[in-house]
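I'd like to ask you about the structure that follows.
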Amino acid sequence: MKPKTVENIMKIVLWTSGLATIAVLLMILAYIVSRGIGKLSIDFLTQSPRRMGMEGGVYPAIVGTVYFTLLTIAMAAPLGIAAAVYLTEYSKENFLVKSIRFGNDMLSAVPSIVFGLFGFAFFVTRLKSVTGGWSILSGALTGMLMILPVIIRNAEEAIKTVPREYKEASLALGATKEQTLIHVTLPTAMPGILTGVILGIGRIIGETAAFLLTLGGSILLPTSVFDPARTLAMHIYITAMEVGAMDMAFSAATVLIAVVLILNLLAHGISNRYSRFSSR
Amino acid sequence: MKKILFICAALSITSVMLIGLFVFIEGYPIFTKVGFFNFVFGQKWSPSDNLYGIFPMICGTLATTLGALILGVPLSIFTAIFLSEYAPKKAERLITPAVELLAGIPSVIYGLFGMTMLVPLIREFQKAHPSTNQIQSGYSVLAASIILAIMISPTIINMAKDALKSVPNDFKEGSLSLGATKWQTTWHITLPAAKSGIIAGTVLGMGRAIGETMAVIMVAGNTVKFPDSIFSPIRTLTGNIAIEMAYAEAGTHTQALFGTGIILFIMIILTNIFASRIYRKDAAAK
Amino acid sequence: MTTKIKVENLNFFYGEHQVLKNINMNIEGNQVTSLIGPSGCGKTTFLRNINRMNDLIEEARAEGAIFLDNENILLDTVDVVQLRKKVGMVFQRPNPFPMSIFDNIAYGPRIHGIKDKHKLDNIVEHSLKSVGLWDEVKDRLKDSALRLSGGQQQRLCIGRVLAVEPEIVLMDEPCSALDPISTMRVEDLILDLKKDYTIIIVTHNMQQAARISDSTAFFLSGELIEFGPTLEMFHTPKDKRTEDYITGRFG
Amino acid sequence: PESQNGAQGGGETEISGSIQIAGSTSVQPLSEELAMAFMSKYPKVKINVAGGGSGAGIKAAQEGTADIGASSRELKPEEKTVKEFIIAKDGIAIIVNTQNPVEDLTLEQIKEIFSGKITNWKDVGGKDAPITVVIREDGSGTRGAFEEIVFGKDAKFTDRAIVQNSTGALRTAVAGDPNAIGFISLGSLNSEVKAIKVDGIEVSKETVLNNSYKISRPFIYMTKDEPTGLVKIFLDFVLSPEGQKIVAQDFIPVK
Amino acid sequence: MSTSRVSLDKEMEDLNCDILRMGAIIEQQIREAVESLTAKDIKIAETVIDRDDEVDRLQEVIEDKSIEMIIRQQPIAKDLRTIFSAVKLATDLERISDIAVNIARIAKRIIGQEYIKPLVDIPRMAKIAQDILRTSLDSYVKRDVEIAKSIVSMEEEIDHLYARVFEDLIAIMTKDASTVHQGVQLIMVARQLERIGDHSTNIGEMAVYLKTGERIKLND
Amino acid sequence: MSTSRVSLDKEMEDLNCDILRMGAIIEQQIREAVESLTAKDIKIAETVIDRDDEVDRLQEVIEDKSIEMIIRQQPIAKDLRTIFSAVKLATDLERISDIAVNIARIAKRIIGQEYIKPLVDIPRMAKIAQDILRTSLDSYVKRDVEIAKSIVSMEEEIDHLYARVFEDLIAIMTKDASTVHQGVQLIMVARQLERIGDHSTNIGEMAVYLKTGERIKLND
Amino acid sequence: MTTKIKVENLNFFYGEHQVLKNINMNIEGNQVTSLIGPSGCGKTTFLRNINRMNDLIEEARAEGAIFLDNENILLDTVDVVQLRKKVGMVFQRPNPFPMSIFDNIAYGPRIHGIKDKHKLDNIVEHSLKSVGLWDEVKDRLKDSALRLSGGQQQRLCIGRVLAVEPEIVLMDEPCSALDPISTMRVEDLILDLKKDYTIIIVTHNMQQAARISDSTAFFLSGELIEFGPTLEMFHTPKDKRTEDYITGRFG
């Protein structure tokens, strides 16, 4: 009798809260897209901004976003995965490893502006001769540091959950530790590793403050990693905040949402490719 | 191979550590110049007058974070329960990617939304209820909390849902087969079993709430003042760094901003230690 | 002996896929009935119809009737919570809740509204004694149930079911995750419980079915091929398919 | 980076190389426009404009990280180790919501409003409504100029003021709040908000240029050393009538 | 140690009881068969014959139980040997029962006649036959090799007695042709009693096999 | 269907072969035992006696194999019944072999004498005994209830013959006392041959049991 | 038949805890040897000594010698990779890699340097044929191995081992996760493989040991209590403890 009443009440509560939350989330999407869709056009996607972003398009920002994201991931993913492999497979669980992990956890919660400051002081200023000052490279190095903790942590977890039996089976076939790692452990852990990478992409794609300090924010089309660039998020920030061109900002935001959506789908695709065999 | 891996590990870890060191070195002088106590508990922040007290911002950070958790966590967990236990499969399949998408949306966009949608709403509310606060701008703890709550909810929902889903069906069926109702099962079995995952999600969300810069700046009002109601505008620690760093002149002002970073660091470390305490306690019970 | 469960023309579908085909069966009270048959023949599905556990699966649909004490439990009007209280279930892998031994047993009674500490103590002691676990664990009732051995865990799960005082206990391959010695213990327990409960057990182990059950039902591709006294079945099965299956000349 | 090979007097078409400008985000849009014009004139030249803020711009100029640093505020005495070039002036408009009936305020009233002595519009001839003061962050050029000219040494911003860290954000804040008052760069003024007269004088390029409107600040380019080569050509371009014409689109030319 | 396997042990105990019950009946059958002969009591002979069904049924029960135990308990090693030998034992016992019945039948046939000689050796043989049977069952129950081996001498004794009875009767028949019919019958009785010895020896051999797993021959 | 269980089937086949081999030997033993009697050939009698060991060994082999199969294969239902009956069959066959040996022993004892009557019925009985044995084994191998039932009439025939031999011999012995010794021996032989019938009937009953799981009586 | 593996005074420790005590054993080539004994008696540990899989466990320490074809494989100088190639291992739960069926089998050969597609095709076909899986899967070699049934997976795992052409195959309860019919298949396979490989198998199932092995070793608390021909062991065990264990009168 009583549990039944509770059950019914909870059903209502859960449905309402569930639907409400989702409604709010979807509303935000709808709001942004509805405000931004108006200005969207082929020109918007393929032209450079004019009049401080009040006119023209977002082409360089799209290109900048892609270049920058790819470079960052290309640097962070291998390094982070390698570090995770070292921590999980090649080191004993001692104090050092534990403190490294703790430090790593700390850093994953450090606000990105701090990374920006570091990047500005170190990569932009100190290593100017190498990085070219404000540049995709400086930004990517900063971004790499920003997302390394996330990638390391996720990769670690993913590698840890690879069933021991897989590794043992491989070793028992006479494979070396390295062969086992490359052919069995990493492919099996790939979906989890990718989750970390996706989270990382999400973080750098959405960050503005840190990259204003390191990536520069030039609206010119970057031609090399030594050029500064502007990501969509930065572009949105500048157009909305400095210029106050809200409509342009919302249009750029719509484009950015599309980019995130595409990246998500892509990541899911890759993840599915790898996990094609791990589900029945 | 092992050496290469070690170099990678060392490289990534040390560079990541460097940042901590960098912030510390850059920010440490402020404590000698102003004094740790004055810095942390000082009420006034006015770099042009050489006043560097960040206490209102610490409170602002705590207030927005707390607000975000209060607003976001229960609702997110309920939503997660809804998605994992109650929602029809098809609905779940539709909603989940949407939630994932929201987790990947940049904070500027949330800020834009907050600034153009939420703040005016709150302002209207304040105008209708003038007693709420003398400053009726809409920029407020509430706005920041709501935006943060919305921002962290995809994270919490996703993690909590995964945790709930990974509770072995065995447990749930065991409970149901004893004549427990669905809610009894969820409450007594599934939630406790998923606790660590949910806590991890919450901690992650909290980390994001504490560390979030851009969206907060855009809706919080950034007034360096002790918040006396949820309608007070406030400035957070991260907001302080992000707002002023761009124009701060080298020297005390910059150091003060880095010092803010150190305090932020310490707060995050404390939160993490606290969280891992809970986490470990929970793990020990199993 | 009286008929406890009467299955009439039971058909069961997962979406389009018919998994049980026109099952008719009378299951006696205070007996052990075992269900045997090759993998995928529908044993688990049948079992989970008896406590409506299949309700949890979307697209699952049952036709026909199952009478429990003359009440058709397949009707929508039936209170499944009450039904499941009456029809306990033990699963293939021991699945104690991640709580203390005490709380595991007390879970059911608490759910059903018993708050009194003293009463709960009694129930826990009695249930643990019924499954022969009391002496083994009485000094560590507050310990996590997950620290028990597999066999102990499975007996705990049986005790957990007994604590809500069911009339029928369904068991889905309760020993398949256990070592031989634990298996023997659980079998002894089942034989012991027979006098108070009606037990239906799914097993892949012919010898186990022979050891513990009074009647045996042989399922094949969703059909009930043969149902009768266990020893007769293992001695002189009537159907060629039963014979082939139990002598291992199958598939 | 800082390569230059255009000889001073050489043929225009031969001029090539790249320049890095960094600093104030307020100057950034203007810099971009100037750079565009320059680059279309000299197609082989590439000018990158980065943001980062005035602080970063000053630092970049000091350390030579950028060829040109940009600042939207006056340099502090201890920062004056670099070469400064005022390339434009920016009037600072006092803005209120378009629904606000108030049209004109005295400098004194503005001072009292922003320092928190006057908190209701009715005290300055408006409706009975509390004033929402919106200001820029500490260190901002706009704020610095406002503070210097309006407050002098004897007043401070009220601690109840809403702080926004960019022109657009501030304008949005004022545009949305009927009771708000704030200040923004003249170049960013648009129809969303209403600029009020200060001591009866409307803010405009002319009034600023003829010094009748008092509240303004300079946009400054800085170089580490005396500019040479391409940087010099660019600076010359900016200060030339051609460059100043571009400046004049949104800001106030210095020449 | 044996907390488990209680049910197997119980069933095995059961089986043993059945065998002992069978043994008891058969012992009585032997005694009564010879008694019916000596006491010339046709009633007794008939009870002996009637009880054969009971023995047959017991044998069936033992076989069925054994099969069930094998199905249910998957016995191995000693357990399986025990069950196996129980079945064989039951066969032997059933044969002994048949023997008693045979004797009783012969008794029924010749009770009406006057005996051609006083029945001394035959009852003695019967006595020994019962002893052997009891001893062999004893050795079986106790799994005692020594007791089993003690059968050998008894077996020799009964063989010896048989030879004597045979000689005696042949002598009588040769002397007096009218005794031939009864003489042949009595020889048959003696022969049957001697067979009991053989069967009992089998039982003793089983005891040894059970204990040691080895097959030995206790006769010849 | 039976892709699995190949090894059990193979082993069961093996067991059957052993039984048939045993049957073949025993048939020969019966034939030879009676032949030694009729042909008065002591050599033949001795081979019969010698082969008993072989039969005993075969029985042991069958028993061991059966136990092994039970240990290994956990047979159930028909499989278990088959193994079980193989063991019982072997027991019966071994007994029949013993009977042949007994006959051969008697033969050895009386071959030296002149027969008190021409041996007609006894060879005939032997012939039928062999037939019954063969038929029963046939019914066993083929699990054929009809064949098994055909044993009944043969069994009656052999019983009938035994009665005749008995009467004849008693008559002869009563007429001529000197024939008593040999007469008794021949009666024994006949009696033994009649027992073969009984054992064979058992085998037939087993066939029925195997096929139907029911126990029936084929004699009386 | 010759001695393939000779174990001499093997002692094994996990840290302080001695798990194997002075084991001496001669294992014949081309035979199936089964290891039985109660849970925790050291069967797995013993098995994992033979391919040095215990190397993976920190604090594990072996003393004594194991001679494989007269070479002491416990020496530090032994190339464990080569050793493991020679001594294959099949685990309790089927653990195919999350790859295609083909790649699972080809994994080992590829690891050992075979790149030639044609050669790999041959190896895969041959291995799958050896485990009787070829006909069942030849049309879907590119499918995920995880989509196979439990029994097929386990046979695949055996095939995977055979593909690297070991001399010895170790199996740790390879059927405990399988249903009876799959178990029978695997057993048939083991009997079949005997002519080419030396097989050592851990099992909890006495009947299985009896069915498939030539020799059986009974372990108890880390000691080798009895070792001899299987049937003898199950017929007439020499040691009282063996008898108690195999007849289920234990613990």
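All chains are identified by letter, namely A, B, C, D, E, F and G, in their written order; residue positions are counted from 1 within each chain.
Operating definition for what follows: a contact is a pair of C-beta atoms (placed from the backbone, for glycine too) under 8 Å apart; a residue touches a chain by one contact, two chains touch by 3 or more.
From a predicted model like this one, the values you see are computed outputs, not experimental measurements.
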Shortest chain-hopping distance from subunit D out to subunit E: 3
Longest centre-to-centre distance from subunit E, chain (CA-based): D
More contacts between chains, A-D or A-B: A-B
Between subunit G and subunit E, distance of the C-alpha-averaged centres to the nearest whole Å: 52
Rounded Å distance between subunit B and subunit D, as computed from the means of their C-alpha atoms: 34
Inter-chain centre distance, subunit A versus subunit E - centres from mean C-alpha coordinates, in Å: 92
Gap in Å, rounded to a whole number, between the CA centres of subunit F and subunit B: 95
Contacts with 2+ other chains: residues of subunit F: 4-5, 67, 71, 74, 76, 81
Subunit B residues counted as touching two or more neighbouring chains: 116, 180-181, 184, 218, 242, 245-246
Residue numbers of subunit A (touch at least two other chains): 3-4, 212-213, 240-241, 246
Interchain contacts, given as pairs of chains that touch: A-B, A-C, A-D, A-G, B-C, B-D, C-E, C-F, C-G, E-F, E-G, F-G
Touching residues (chain side subunit G, partner subunit F) in the complex: 181, 184-185, 188, 191, 207, 210-211, 231, 234-235
Residues of subunit B defined as touching subunit A within the complex: 1-2, 4-6, 8-9, 11-13, 15-20, 22-23, 26, 74-76, 78-79, 81-83, 85-87, 95, 97-110, 112-113, 116-117, 150, 153-154, 157, 180-184, 186, 207-208, 210-214, 218, 238, 241-242, 245-246, 258, 261, 264-265, 268-269, 271-272
Subunit E contact footprint on subunit G (complex, rising order): 206-207, 210, 234-237, 243-244, 246-251
For the subunit E and subunit C complex, residues of the former touching the latter: 3-7, 67-68, 71-74
Subunit C-touching residues of subunit A, taken from the complex the two chains share: 2-4
